[in-house]
Every structure is written in structure tokens, then in C-alpha cells.
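First chain written, first letter: the chains are A, B, C and D, and each begins at residue 1.
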Amino acid sequence: MSFPLLTATAALPAIGAIATAAVPAARRTAAKWLALLFSLATLVLAGLVFVRFEPGGDRYQLTESHAWIAEFGVRYELGVDGIGVALLALTALLIPFVILAGWHDADPLETKSSRWRPTQGFFALILMVEAMVILSFEATDVFLFYILFEAMLIPMYFLIGGFGDRAHSGSDENAAAQRSYAAVKFLLYNLAGGLIMLAAVIGLYVVAGSFSLAEIAEARANGSLEMATGTERWLFLGFFFAFAIKAPLWPLHTWLPNAMGEATAPVAVLITAIVDKVGTFAMLRFCLQLFPEASKWATPVIIVLALISIVYGALLAVGQRDIKRLIAYASISHFGFIVLGIFAMTSQGQSGATLYMVNHGISTAALMLVAGFLITRRGSRLIADYGGVQKVAPVLAGTFLIGGLATLSLPGLAPFVSEFLVLVGTFSVYPAAGVIATSGIVLAALYVLVLYQRTMTGPVKAEVRGMPDLRVRELAVALPLIAVLIGLGVYPKPLTEVVNPAVKHTMQDVQKQDPQPEVEAAK
Amino acid sequence: MTGLAAAATTSTGEAVQFWILGTVAVIGALSTVLLKRAVHSALSLAGTMIILAVFYLANGAYFLGVVQVVVYTGAIMMLFLFVVMLVGVTAADSLKETLKGQRWLALGCGLGFGILLAAGIGSASLNNFNGLGAANAAHGGNVEGLANLIFTKYVFAFEITGALLITATVGAMVLTHRERTERAKTQREMSEERVRSSHLPPLPAPGVYARHNAVDIAGLLPDGTPSELTVMQTLRRRGQMRDVSNEALADLKALEQRSEARLGRDNDEEEVAK
Amino acid sequence: MNPVNYLYLAALLFTIGASGVLVRRNAIVVFMCVELMLNACNLALVTFSRMHGNLDGQIVAFFTMVVAAAEVVVGLAIIVSLFRSRHSASVDDASLMKL
Amino acid sequence: MENLIALLVAAPLLGAAVLLCGGRRLDRAGHWIGTLLAAASFVVGVVLFSAMLGYEAEARTMRQHLFSWIPVEGFQADIAFQLDQLSMTFVLLITGVGTLIHIYSIGYMEHDERRRRFFGYLNLFLAAMLLLVIADNYLLLYVGWEGVGLASYLLIGFWQHKPSAATAAKKAFLVNRVGDMGLSVAIMLMFTTFGTFAFGPVLSATGETSEGKLTAIGLMLLLAACGKSAQVPLQSWLGDAMEGPTPVSALIHAATMVTAGVYLIVRSGAIFDAAPDAQLAVVVVGAVTLLFGAIVGCAKDDIKKALAGSTMSQIGYMILAAGLGPIGYVFAIMHLVTHGFFKAGLFLGAGSVMHGMNDEVDMRKYGGLRKYMPVTFVTFGLGYLAIIGFPGLSGFFSKDKIIEAAFAKGGTEGWILGSVALLGAGITAFYMTRVMLMTFFGEKRWQPDAEGREPHPHESPKSMTIPMIVLAFGSVFAGGFFAIGDRFTHWLEPVTRYDHGHAPVSAATVTGATMVVLLAGAALAWAMYGRRPIPVVAPRGSLLTRAARRDLLQDDFNHVVLVRGGEHLTRSLVYVDHSLVDGVVNGTAASFGGLSGRLRKLQNGYARTYAVSMFGGTAVLIAATLLMRAV
């Protein structure tokens, strides 16, 4: 048997989490370096997965399969397709930056006793999330996926509730109350979704008699597994509801601004750039593959919801006064694009949606982390407290602007490629939806530029004067991310090559074909 | 032992016994629940248990019948009585219900439960009784039969009950044992304390100036009010101190009135005589 | 008379005992009612023993008695120590479970 | 030779990257690096041009395919370049004028501590603009298109510490984005219609689809062009864009960026030719903007804003010409090139004036500057003569041709368009004369600036004057060079096609009429501003003047409808999100909380209550058992 590369990729951060947690209280710095080291090692393994994956090969590669709970036919089954590989790479890529950006976020305050070990916990939890997310991208067993889908809430809950943003207005108690509200809301909201999904998972087992994605999909494809229309729709809705909360789709989005606002910037990145991707990823992998007919049935409603998300998220972003909440609403808008791409059910749309997941992860990470650096400096999240930062900290302003430009999908940066693909993919089947979604690009420009104008330009505010520019550690976070953004914007081929075959498979699953261009159709 | 042979009905004697004693048992049970004083409840319960012992005997469970009398009525009920005395024999419960709707709920549940049980038994169509004759005879008697089962089939359960009893004993000791949390006072300290307190001389005895000299009746002070100091602490705590001050005054008043009346009548008689 | 009547009697006694548990506040009386319920069960078990013609029912009744004895010992000890600390034997006074 | 095409973009892009990432170390040499790389791009352009001249007229298109950009099932976007005569014209204009403006900026920005970054942005702009004109498909063009928008955003907002500059930059980007939306919808339409968006296949397949589709594509392209070229109704950003440093105004808002819309329409000529309705819309937009810009230009006292109005108006001419179809494409481009020269010259001249006048922009505080800035006066004057169409100068040839072409459109349409163009020429003469008179003639009306410094007007340094002189040469001779022997027409014909049309009036008549209108305009201006002294504080003016000073109330409209409305919308949506959407969530949570609060009362702590529920529960269980057995 070959080396279990996928297990290793997921296990390494888990081991790292345990090791980090075990570092003695006094050796905080050692814990940080250990966590960074493990995340980098995971990145190397993820790179190996990316290299070993053959775009032209089988649908699921590097598979592993072991019996787990034999009574229910639950198996420990792993395997990656192109979409999984792309998201795996994204996760492994972002975590080192998240760790680096959060280097001082969990340093204990002076007043705490020395036996308290928040730093170790913070980094251990981040690695734990990484392990679970990676494994969930690899899982091809529905039950295994479900467990991970739920389990990753636990470390996230502690990360949000336990390590809040130290920049807050109002008293400490008030901030703590806000934070625990956000954490509980996050947990309950997602648990509610997970619960409904659990019902659907059990329902699926009852109907299909198996948890194995490959088995069920094959049985569905060759007709040996017939599902009643009603059953299929209910199961689909159960799955979709959970994913729509996680993604999050309007009107199930309200936990995100709270969670992202109250968490530290790196944790906010963890939420929106990594954990939420599991939701959209699962829509592609589970909803479409297991319930193709129901997916097609629900498409009109989902498209409408996605459009509302796009426009509504963007409009609300314009109206925000808190930098991090603004980015959160921008993310809601972007998740609208991703869902739109998935359910447009065209090659361009789905490739675009997959690329969008990756690109949105990187661009939001860049914007949010730099925003985090800014907020740490001034100790406030309110946009109105800033002004003229560009004058005192030009590099910070520059990186912030590039992050913002990526968010508004400027051509030449990675998000443009994906956004345009999604738009084209949507437009070719639903022209009106395409046009409405396109209006999102104007609104995106509005909220990004308003944010930039109010914080970075104008006369230098007294509180901002003397603000230091980015330090080496912070540059080490911002510059590589920007380099990746530009690199994938100019040359996205390595990603598209991996993603395209997977999308082709998904298109076959839902038995859809791209619409022919009018001119060729006429011939 | 014909009644214990396989049959659908019992002998007439047993029937008569059942109806008489059964009625008494139910009355005893009801009194246990309804009587105000715990000591009365305990006695009623003891009566019910003895009747049950008779029923065991009637059902061929000779060993259990005896054990019932010895263990239950003899040991357990006596334990109850001890505790009742510890807590206060004369203390009567108020039967007023404090929880809203509790009594109705209890009644409803009880009735429903009883009806359901009866319905269950009724619907089980239990008409064929094998009788214990054969079973008792198999090992040479009821006790032998039981012993045979206890030391073979149920030996583990039996051992475990032993352990349970030991544990219970230890538990009871632990629970009732009062842990001394502070150093015991020396005699010297006690005497010093006594000197510092306001009662250097011995506490007054109960019953002073009263017509009773029972321990639970406070002695009266010169103004007629009772002095708590005269009653022992335990009774005070239990709230079993009886206040007779008003009684004494009332008695006095009644005495005066009566003597007045008598004197008045004498006067009348004198007047009549005049 | 059908010996089933013993079962009806047991049910009746059990019900009375249970109602007593619910109605009475004095912990000692409550305990007595529990004993009543146990005894009712024993009666039923003995009757079953006669019904089936074997001694297993009596064995169980016997065990019940033993356990009841243990229970009474511990229960009364609890009541005594409760009384010691609270000067009351009312079950309603022990309502610390309320939030 | 064809492999050199990528260098056109690569050189300035490298410059931008080096300058923006290089940090303070490059502060000393930054401007030289920027200028050098812009010049290098120009040299590459010239080399390619000479190579192109060596080919047959019909086979001059050069191509370079770099790599496949976005390969997705059914969707192929390439990074590939196409350099034909049209692109070549633009390349030379952009790199040529661009390099001159780089040189000019060395002097103009000398005292700015962020000069290195300025040159980085200028290089970025050049790269984006060059990408726009040499792309071989619409998507790559879109990259350049937005890149230009970004560079213009950065340059307009270069003095970010001024809130007005930051706002103007944002406004420019946003309005441009509205246009970009049009372009992206157009690309999507092309994709669904033709399955591709490369120039070649799309433009050659216009016959195979319905006119409706083409009209839709055309209108969307027009929307894009309106955004970038500041045409009505998306013109509002151009005036504000004057907040940027003057070289930016010259480079972007005169010579290059705003011409991108014209390029787009001319490039997509085949689509518009097949969609007359779209073409009509183009013409209408051009004509309206032509007048709109001219009127605004008449009323502004800010020299740069007056020139901005003029730019709008001149671009209106080009769009008008481009909308005429094959009759006008060539002249649109020709006017674009000559306009590039003289408008850049005018702006640089205005910058030179401001440089000497403590950055004062109000023309009412100028006056009599011709003695103090002779070189600026002469070059500005030549540019002035060129723009009003003084016979023999560049503007004369190109504008005259457009007016002729407008008449040649034929029918009522032709007459109307021709008259509008003619009228525009008159107004142009009026407002340009006004600028000239107020700035260089009359008595001194100088005022000390806000910090109390008296202006000491002086001629600008060499690095500024030389580009002005070069551009003045262009303003004088380019038109003649192009027009004589129809050189320009022959050069562009293979790409844009050319059609004489049937002019209802002879060329000479048109020229004559133009002359008359022109003289009338100039004379009127002289009568108003030359003969009488000019008040330093602007008089109240007529209703039209006041409206024109406020950009014909367009900004007010935008403010009331879009800004205010948008604010209300977002504010109410924030409220809705908080109280309704989140309210439902929190309400659900609260109702569960309330329910459990009620249920908690059942847990009263009394053991007897629990006993009742246990007892009742047992009863229910027994009942259930019995029932099950009964069933």
C-alpha cells in the first residue's frame, strides 16, 4: 500500500496542534514557532498532493479507504478531485499567514497569571481547524464529512469567543458580552444547520444504504438507485440548508458580521476564507453529485437568493461603520457569486466558482489581515477613527489598497478571473441574473473605495500621526499574498488545469451541457 | 396445603381471611398516608405489614412470612419509630398542602395509575395457578427450596446484597457521624466561657410557677411571661416547647371568676336568707 | 376466590403508597409510604411465585426486603442528618435544586 | 519583429513595478527610470512602426501570442497581442505624448517628495493604456481598460491629503466602473453569441447573428465608451479629475485615456455598422456631449476645468465621427491624434502657468501673462489656434473633416449633426478665446494666495518648456501632414474602411461656414473679455451660465438621486438587516429562551413535584404498553 498522503496532510496539523498545546506556559515564542513550522510542513505536503494529482486521471485520486463503523457502513474514505485539491492548497497556503499575522494576538495580558496559556491554545486551535478543514476537503464518505463539518465548529467557537479583537469601543465587559454573543450565535446557527444536515444524512443512508459518495453517485448514475422526487428534494434541502448557513447565503448570513467583527483578524480570515469554503465546496460535491435532479429543481430559487446576497451584501457593506464588518458583508456578496457560479451549472460558472473560492480566500486574507494590522495600531475598528494613514504608513496603505482592489476584482488580480467566469457562466444561461450580478462590481468598487478614502486619504488625524508602517513580520504576511494574487491573476492555468476535469465530472453528474454559442448553434 | 395445589380458586377459608385482613390492610395503608402524626402512621404501617406477613404465609411463602415479621415489623419499623422519636413523637404535620395543585395531581395520577394497573392485571387473564406445593416439596420444604436457589442460581446477587448491606451500614454511620470541625473545648475554656456569659448560676429549672412540671413547659417569669431558658435546647429547637403562661393566667382568671361567683352566690343566699 | 385478588390488593396498596409519597411532606412518612410500595410489590411477587409454581418470585421478594432494609438504613440516616442541619424533616425544605 | 510587441507593455510595467516596490532608495533616480522606460516603449513603437511600413498595406497586422490566460471548458482567453495600423497609431500617440509628459513631469513634480511614486503611476498608466490598444481580444482589452481606470484613480488622487482629490479619484473610478459594467456585459453577450471575444472572429461574424443582439452589444460598448471617454451621461468625473497634478490632466484627460472610448467604438466598427440603432445612439451621445462640454467650458473660471470641458466637447466630436460609420472612423482617429497634440500642449501650458502663479487656477486672477511667460504663451497660443481650427493648423484639418462627414451622413440626420458640429466649432472658438484672453492678455489681476505670497510669474524650466515646444510643433504640423494626400486615410483604411459618403454641400462650403462661425465665436469672446476689464470676482451671470458653472446641474442630479438615495437605501438596509433579518434570528433565540424560562418554572426544586411527574410518566408508559398490546 502506498503512503497515505492525504491522511498525512490532515494529520500533520493535528499533531502540530497537540504539540503546540503541550508547550509549557513560559515558552510562548517556542509555541508560535512550532505552530508555524507545522503549518509550513503541511503546506509542503499539500504541495506534494498538488503535484501528485494528475488532472487527466481518475476522478478521485490518492484514495484511501478503511472500515470505520462497520455496523453502519461508515468508512474512513479519502480522495481528492480537482476542486478538493485546489481548496486543500488554499487552506494549507493561508494558515501560515494566519499564524504569522496572529503572532501577538494571543499574548497574555500582564494581569493574567503565568499558568494561563492562551498563546499555546490559540495556535493549537488554529492548527486543529486546519486539520479538520483539510480532512473535510478530502472526505468522500458522507458521514465522515458530516462529523468534520460539525467538529470544526468547536475550535472555531473557542477562537471567536476566547480570543476577541482587543480593539473595541466601550468597556471590556461590554466587549466580552459582544464577543460571547457572536461566538454563541456562530455556534448555534451552524449547529442548527448541522442538525438538519444530520437528519438528511441519516435519510440518505436509509434511502441509499451507504455513506460512500462514490458508491451512491455511481448507483445514481447507472440507475440502480432510484430516489423518489419528493425524497430527493427533502434530502437536498437538508444538505443545502446547512451549507447555505455555512457559506453563508442571504438570509442566513447574520452570524458572519458578528463573528468576523468580534474575532481577531486572523480568526476572521479563518472563518471567511477557509471554514466557510467548506460550505460552498460541499454544495458542489454533495448537493450536485448526490441530488442532481433536486439541484436543478431548486436552481431558480437559489439563483435569486445568490443575487440578493450579491447586491444586498454589497449595499450593506457600503453602509457599515466598522472595518471588519464591512469586509464581512463584502464576503457575503462574494459568497453570492460563488453560489451563483455553482448553480448556474455551466462549465464556466463552476470553474469560476471554484477559482472564486480560492481567490476570495486569498484576497480576503490580504485585505483582512492588513486591516487587522491597521486596527491593532490604532485600537479601533471604526472607519471614522482613521484618516490620512497613507501619509504616515504608505506601505500599509498600499497593501491595503491592493487587497481592496482584489476584492473589487480588478483585472490582473486573481479574483477578476473567477468573477468574470462566474458572470459569463451565469449570463450564458440566465442573462438577467448575469446583468444583475454584474452590478455587483460597481457596488464593490463603491465600498472598497469609500473604505480606502475614509481611512487612508485626507488630512492626517491626530491619533493616526506617528503610526508605524508595516514591520517585517507583517510584510512577510502581506507581500506573498499579494504576489499570489497577481500570479494567479495573470497565470491561473495551473489552477484551471486541475479544476477543469472535476468540473466536467460535475457537469456530467447533473447531466447539463453548456449552451452553444448562438452562431455555432445556428450552423 | 390443598389451597396451594394447582387451582383457579382458593379455599373458602383463605377467601374469608383475605377479605377481612385485606380490608384491614387497606385501612392501615390509608391511615399511614392520612394520619397527622408520624408515630401513628408508623404503627398503622406496622399493622399492614403484619397482615402482609399473614398473606405471605397463606401464599405458601413461609420463610418470607416470618422474615417479614422479623425484619420489617421487628427491625425496620422499630428503626422508624426511633427516628420518629428523635425528630419528635408529638410533632404533628400540617396536612395543608403548600404546593399548588399537588394534591389534585397526586390524586389524579394515583387513580389513573391504579386503574391502569387493575386493567393490566384484569386483561392478563390469569386464571391458572400452579400452586407452590410441588416447588416447596422438591427440596424438602420452602426454606430448603429457597436456600437451594439462593446459594446456586442467585449466589452472585446474594453476595452483592451482602456487600450492599455492608455499604449501607457504613453509609449510615458516615452520614450520621458528626464530623468535629474544630478542636474540642477544654474544661478550662468552657468554664471561662461560662463566666463570661450572662448565666453563671445554673439555668432555671422548668416548671417554676407552673402547675405542670413537664420538661417541655417553660417556667414563668414573675410577670407571667415564659422563660425560654428553662426548657432544654432540643425541645426548643424542635418547637415542642409548650407555652402555658396564657393558660395559667386564664386559669387564674377562671378561678377568680368562679370564686367570685361562689362568693356572689353566697351573698345571694345570704340575701335570700335575710 | 381467585388468587388474582392478591394482585389487585397489591396494586391498591402500591397506589396508596405512591399517593402518600406525593402528598406527605414529612420525610419519615414519605419513607414509610415507600416501604408500603415495596411491600405491595413483594405481595405481588409472592403471588406470582404461587401462580407459576416456582420459588424465584420469593427469592426476588427476599432480595427486595434486603435492599429495602439497606435503603431504610441509609435513608433514615439522611433524614437524621438533614434534620440536624435544618431542624425540619419536611421534604419541601430541601428545594435547593430550584434555580 | 513581432515578438517585440510585448515589450511595448513590458517596459513601462517593469518601470511601475520597480518604482512602486523599490522603496526610498530609488527616490533620487526614480523619475529618470520612469522616463527612460517610457521612452524605451516609444522607441520600440517606432521600430515596430518602421517594420510595419515595410509590409504591404493589407498585411500589416502583426500578432503575438504569449500564453493561454484562462483556459476553461468552452471559454478560451489568451494573452495575445494584435498590432495593426489603428493600434499602431495609438501606440505612437500614447508613447510619444506619454514620454513628453514624463519629461515635463520631471520639472513639474520636482518639489514633490513622492515624485518616484508619481512616475510609477505614470508608467503603470502607460502600460495599461498600451495593453488596451494592442490586446487582440475584448477581455484583455478589458484588463487594460480597468488598468487605465486604476492608474487614473491613483493619479487623480495623487495628492490624497486633499479630501477633494480623494473624492474626485473615487468618483472617477466609480463612474468608470459603471461604464466597465457595460463592457463586461458586452463581452458576455459576445461570448454567448459568438462563443469567443477575440477581435478577429467576432468582427468577422457579425453577419451571422441578429441585429437585436448586435444592437445590444453596441449599446453596451457605447456605455463603456461613455464611462471612459466622459460622454453624457457619464461625463461628470472629468471635471473633478482636474484635482490631479496637471501632467495627469494632460496625459490622461486629454491625450490618451479618454480616447479609449473612441478606440473601442472604432475597433468595434463592424458591430456598429451592422446595428444602425446602436450607431444612432453613438451619434446622439457624441452630439450632445459636444455641446454639453462646450457650454460647460464657456462658464468655467478654473483654467483646467475650462480645458476639461473642451476635452469633453472634442471627444464628443470624435464619438460623433465614430458613430457616422466608415465615413467618420478615420477622421475620428485623426482628430484624436491631433487633439492629443494640442490638448496635451494646452494642458502643459496651463500647468506651466499654474507653476508660475503659485498653483492658482482661477483665470480671473491671471491676466497679462504673455510678457512673463513668452514660451508658454507662444506654445499655448499655437495650441489655441489649432483647437479652434485656424486654417493650416492641425485642428483645422481634422475638425473640418468631421463636420464634412457629419453633413455627408445624409438626410435630416446629416443636416442636424452637421449643424451641431458647426455650432460646436463656434462655441469652441468662443471659450478658447476667452481662456486665451483672460490668461495672457489684459491687465494683471494677480492676488496673493492663501498664505499671503504674491505670485512672481516666471517662465518654467527647460524640462517643462521643451515638451511644450515639441507638442506645439505637433499641433501646427500634424494635421497638415496627415491630411495632405489623404495619408492618414490610406494608412487606416485597411483596418477601419473608408467611405466618402455623399456630401450635400461641397467641402469648400463647409470650410467657409466653419470659418464664419469660428470668427463669430472668437469675435464675441473678444467683445466680452478683450475689450472690457474682467472682474476678479465672477459676476452672477445668467441662468445658463450658473448652470454651466455647476456642470449643467449634472452633479446636483447625481448627488440628490444617487448619492442621497444610495445613502438612504444603505442606511435603511442596514436597519432592515439588523432588525428584520437578524431580528428573526434573535427572535427565534429569544422565543426559545422565553419558552425555557417558562419550562424552568416546572423545575421548582420540590422533590414531590418531580415525583408526580415520574409517577405520571410511569402511568403513561403503562398506558402505552397496554395500548400497544391491545393493538
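The definition used in the following text is that a contact is a pair of C-beta atoms (placed from the backbone, for glycine too) under 8 Å apart; a residue touches a chain by one contact, two chains touch by 3 or more.
Predicted model only: the values in this text are computed from it and were never measured.
Novice: By the contact definition above, name the pair with the higher C-beta contact count: B-D or B-C.
Specialist: Answer by contact count: B-C.
Novice: For chain A and chain C, what's the span in angstrom between their mean Cα positions?
Specialist: Their C-alpha centroids are separated by 61 Å.
Novice: Which integer distance in Å separates the CA centroid of chain B from that of chain D?
Specialist: Computed value for the inter-centroid distance: 103 Å.
Novice: Taking the mean of the C-alpha atoms as each chain's centre, how many Å separate chain B from chain C?
Specialist: Computed from C-alpha means, the inter-chain centre distance equals 14 Å.
Novice: Where the CA atoms of chain C average out and where those of chain D average out, how many Å apart are those spots?
Specialist: 95
Novice: By residue number and range, which residues of chain D touch two or more other chains?
Specialist: If we look for residues of chain D contacting two or more partner chains, we find 604, 606, 608, 612, 615.
Novice: Can you tell me which residues of chain A touch two or more of the remaining chains?
Specialist: In chain A, nothing touches at least two other chains.
Novice: Counting only residues that touch at least two other chains, what does the list for chain C look like?
Specialist: Expected reply: 18, 22, 25, 92.
Novice: So, with touch as defined above, which chain pairs make the list?
Specialist: All touching pairs, sorted by chain label, are A-D, B-C, B-D, C-D.
Novice: What residues of chain B sit close enough to touch chain D in their complex?
Specialist: Chain B residues touching chain D: 99, 102, 105-106, 109-110, 112-113, 116-117, 119-120, 123.
Novice: For the complex, give me every residue of chain D touching chain B.
Specialist: 604, 606, 608-609, 612, 615-616, 618-619, 622-623, 625-626, 629-630
Novice: Please name which positions on chain A make contact with chain D in the complex.
Specialist: 185, 188-189, 250-251, 253-255, 312, 315-316, 318-320, 346-348, 351-352, 388, 390-391, 394, 398, 405, 410-412, 416-417, 420-421, 423-424, 427-428, 431, 434-435, 438-439, 441-442, 445-446, 449-450, 453, 456-460, 490-493, 496-497, 500, 503-504, 507, 514-520, 522
Novice: Considering the complex alone, what residue numbers of chain D touch chain A?
Specialist: For this pair, the touching residues of chain D are 20, 67-75, 79, 117, 139, 142-143, 145-147, 150, 153, 157, 160-163, 165-167, 169-170, 173-174, 177-178, 180-181, 184-185, 187-189, 191-196, 205, 208-209, 213, 566, 569-571, 573-574, 577, 581-582, 584-585, 589.
Novice: Give the list of chain D residues in touch with chain C in this complex.
Specialist: 600, 603-608, 611-612, 615
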